[in-house]
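Chain IDs A, B, C and D follow the sequence of writing; residue 1 opens each chain.
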Amino acid sequence: MDNSLRELYQEVILDHSRHPRHFGVLDNATHKAEGYNPLCGDRVTVMLVLGEDSRVADIKFQGKGCAISQASASLMTDMLAGRTLDEAQKLMDGFVHLVKGDDAGELSADDREHLEAMSGLSEFPMRVKCATLAWHTFHNAVEEGAVT
Amino acid sequence: MTAQGKITASFDAAAARADFPILSRLVHGKKLVYLDSGASAQKPRQVLDAMSEFAGTDYANVHRGVHYLSGAATDAYEAARRTVQKFLGAAREDEIIFTKGGTEAINLVSYSFLAPKIQPGDEILLSVMEHHSNIVPWHFLRERQGAVLKWVDVRDDGSLDLEALDAAINSRTKLVAITHMSNVLGTVTPLKDIVARAHAKGVPVLADGCQGAVHELVDVQALDIDFYALTGHKLYGPTGIGALYARRAHLKAMRPFNGGGEMIREVTRDIVTYADAPARFEAGTPPIIETVGLAAALDYLSGFDRAAVKAHEQDLYAYARSKIGELGWARVIGDAPGKGAILSFEAEGMHAHDLATILDREGVAVRAGHHCAQVLMERFGVGSTTRASFGLYNSRADVDVFIAGLRKAREILG
Amino acid sequence: MTAQGKITASFDAAAARADFPILSRLVHGKKLVYLDSGASAQKPRQVLDAMSEFAGTDYANVHRGVHYLSGAATDAYEAARRTVQKFLGAAREDEIIFTKGGTEAINLVSYSFLAPKIQPGDEILLSVMEHHSNIVPWHFLRERQGAVLKWVDVRDDGSLDLEALDAAINSRTKLVAITHMSNVLGTVTPLKDIVARAHAKGVPVLADGCQGAVHELVDVQALDIDFYALTGHKLYGPTGIGALYARRAHLKAMRPFNGGGEMIREVTRDIVTYADAPARFEAGTPPIIETVGLAAALDYLSGFDRAAVKAHEQDLYAYARSKIGELGWARVIGDAPGKGAILSFEAEGMHAHDLATILDREGVAVRAGHHCAQVLMERFGVGSTTRASFGLYNSRADVDVFIAGLRKAREILG
Amino acid sequence: MDNSLRELYQEVILDHSRHPRHFGVLDNATHKAEGYNPLCGDRVTVMLVLGEDSRVADIKFQGKGCAISQASASLMTDMLAGRTLDEAQKLMDGFVHLVKGDDAGELSADDREHLEAMSGLSEFPMRVKCATLAWHTFHNAVEEGAVT
């Protein structure tokens, strides 16, 4: 068995994809966006409540897609809850660097450990878009997705 | 089985396979098993060599020069047109227009034939299994001119409902645009019957033959069809080249599409007059070297007993179909009688992309996604499928590797 | 002369010539002297090999698959886009759209950028030296939407009258469409000045760079130009491929041209949404192998000291120009300062076709006719000219054979 | 010197092209057509008077173009004058066969001799169109060019 495959589809990932955390609808969302990958038809909707302190007070997602995109969305929501937007941006930058196999120096040791399961993606450049879909969607929700 | 075995025997797939340099390469250290010919076929040495050789000995721009090379290139270019004419059974060579691909061939019909006629409310009839390239050009006429797109459904097995199609044609219908073979379901449509029904109501028919021309024998005169589009890269030929068959009677009334050199008769400051077809629709320097490659590809394909090639592909499909059935966790989409060698399926609990990634590590190239057929995906309630499509160079051994890869995927993801 | 000699010395034309397999062939038993690069350039081994090799090792359809080959092909395709971006000095790679050639690149601007804006009476400004490919797409807007084509004259030496151009731009002008280098006169237009004048009045500029990109260094940012079209086959690259540079600000507002796979975001029965540029303008399977060939050609060309290549071509032109002057019976058309290596002429009492036929028997390939520039022919009161156009592989020896051929023609016809 | 060139541009041809017979305008033409070769821009106008006996009573041409097209037009007008349309058609068929190097059996010995100077064209397929332009124009004049 191909080691890089085992690393990509390791237990953490499969578990997140099968039992996604924060899956569902946020009725009181302040921000919301839909992400779509036209190549594969995968979709994800990210909803969040942004507190007055610029912190992600609550966050949920919905969608369907491959194991990577679902696991990534699940992990993301897990990690973003409670962070300020600045912290979130830094985390996202680090995540993108990590999955592309670049230096992800901006990640704290703790975050790095949490995201470690995703580092196998660097061997699969064609799947990086699956992993970043939810993150870009979060970004869009914050930037342009204010619910009015 | 004996009968089938006999037919297959007259086509030597292993020998043909040796013509394709890429098929001897390794992918991730594994032998390449290429099951993505539906997206694009690989190219035999004969095609690559014909192009290099032509470019290295007889190349110049066509039509324009009186010098030797220009004549040689023009001869090769026009000979390629006759090769396509013969391949499609067209009555005249000036009914063949070279395009950059199948997509452009269909757009040409939309821009040059249909657009000038469309009034708001006019209808264009499509099937739900069309490729985006046979949807979006017609959508333009909806978006820009108020045409209405009407959809003919397929049955659950993926076969076309001919009666429904017939019933949907009315006095507002301006064109039936339908695939010859679905690139997802493998369904082969009864073009002759479709044309008969449409013509009975005075409606012209365009066939998207991008897949059909590869696997079926085409005779545009016997079909009595108005337009037939094909593309080189799926026919074991080069990229950047396709062709449109258009009935001469239509060509005369069609307005130009691209404007430029070679498609004119005369240009002054105040007036421009146009050349006759096919030149009228071939503005600018055409894909000259690619037409030579396309002709080499058609010659290559026609050098085989086409029925035997088809029997070989059908055998591979039947074998794969039965093996995938044995797995018990794959739902095949498209089981129409007489369908071509394209196998699309959904795997329980496994997304197509994950499957394709795992197969790739085994050297197996399949397609995962919506296959540029989102309307069809919606019809079958799926976001994406995994698709294995067979070419003349594939073997049962390829199928075995593919099935073993699916089992491995199930182990990892299941 | 010494300075020029020094510059030329850094480009070894004889060595380059050896890269072109076709140039060692015989024509009518004579060594081929190819002086028709203006119609289409020959292709070096490096380009032909790059294409064959890519097709034989890394080929698949682009964008769509997750399998290895699809990734490799996509990487090669997008790398080619960056090669074109660098070649033209564009700020972003998504400002480069692949087309089937120069003609299609210009048509794309006509269909996608200008057509949606044109109101009856709107003006498009052209020079009289435009190639039909930079006339007919605009004529379509006259024929179909009531646009007005306005013509800027050239002086008797073939140079552009910049003041006349400036004066012709007014509030109705929607586009200035002008060649970077005339394929008949060799005139190089002052694009930077033209853009400055046009922009001062808020008018965008398209340059037809089909000839210009071959001989001049292009920097679309320095030019501040809106659109720049080039074609592969004149750049020592394959047929079936060209490119359009389009400023990002324009791309956002441009509507699709061809419809099909890859240019969409989403397709349902009722709605279609489109992808962003460049995908939006690259419907269907693109000329994949040809983009690889184009990149190889640009790499090949950029591998030389471009200034030295130009000096070499200028030297050939100057030599030929002086030799043809000595004949005493050839009228050269196009003598603008700074012109490129294209020599068009009328020979007293001899028709271009007869001349070209006789030259051909000497192995010399020249073009005879109107060169897809009938408006220009009319301007100079000629029906046709004979044209010798030089490429990097030509030599002074080629010029000698050409001149000797002219003398022979005079003997036969004179 | 290339023999085929000498044969193509033999004295008869050059003489016809330099001093074309029947060059000019026919004021009383009953039929008229303009021929045009978009590849080279060559033009020829053929004018004729068709008698009641279906004979070409008079014929002239005007135009400009290469030596081959001018010589061919001149030769043609020379030979067509006085013929019936049927005879003209046969002559044209024979001419086209001749310049393409095909069997021109329909030509009489006399006509063949007259046209012999044109047979060198069979070595120059790219110039055949130059030679046939005037003939096709004559044909068009008769078929569709009645002056009303």
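Operating definition for what follows: a contact is a pair of C-beta atoms (placed from the backbone, for glycine too) under 8 Å apart; a residue touches a chain by one contact, two chains touch by 3 or more.
Just so it is clear, the structure is predicted and the values come from calculations on it, not from any experiment.
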| item | value |
| --- | --- |
| Far-end chain from chain B, centres as C-alpha averages | D |
| Whole-Å gap between the CA centroids of chain C and chain D | 38 |
| Computed distance of Cα centres, chain C from chain A, in Å | 47 |
| Chain B and chain C: spacing of chain centres that average the CA atoms, whole Å | 31 |
| Numbers and ranges of chain A residues touching at least 2 other chains | 39, 126-127 |
| Of all residues in chain C, the ones touching two or more other chains | 28, 64, 66, 70, 264, 266, 353, 357, 368-369, 374 |
| Pairwise touch network: line, ring, star, complete, or other | other |
| Complete list of chain pairs which touch one another | A-B, A-C, B-C, B-D, C-D |
| Residues on chain B engaged by chain D in the complex (per definition of touch) | 63-64, 66, 70-71, 264-266, 275 |
| List of chain C residues in touch with chain B within their complex | 21-22, 25, 27-28, 32, 34, 36, 39-40, 42-43, 45, 48-49, 51-52, 55-61, 64-70, 100-104, 106-107, 110, 128, 131-133, 135-137, 139-140, 143, 149, 151, 231, 233, 238-241, 256, 258-264, 266-269, 272, 283-290, 353, 356-357, 359-360, 364-369, 371-372, 374-375, 378 |
| Contacting residues of chain D [partner chain B, same complex] | 36, 38-39, 125-127 |
| Interfacial residue positions of chain A with respect to chain B in the complex | 1-2, 4-6, 8-9, 14, 39-43, 64-68, 124, 126-127, 130 |
| In the complex, chain B residues that touch chain A | 28, 351-354, 357-358, 361, 368-370, 374, 377, 383-384, 408, 412-413 |
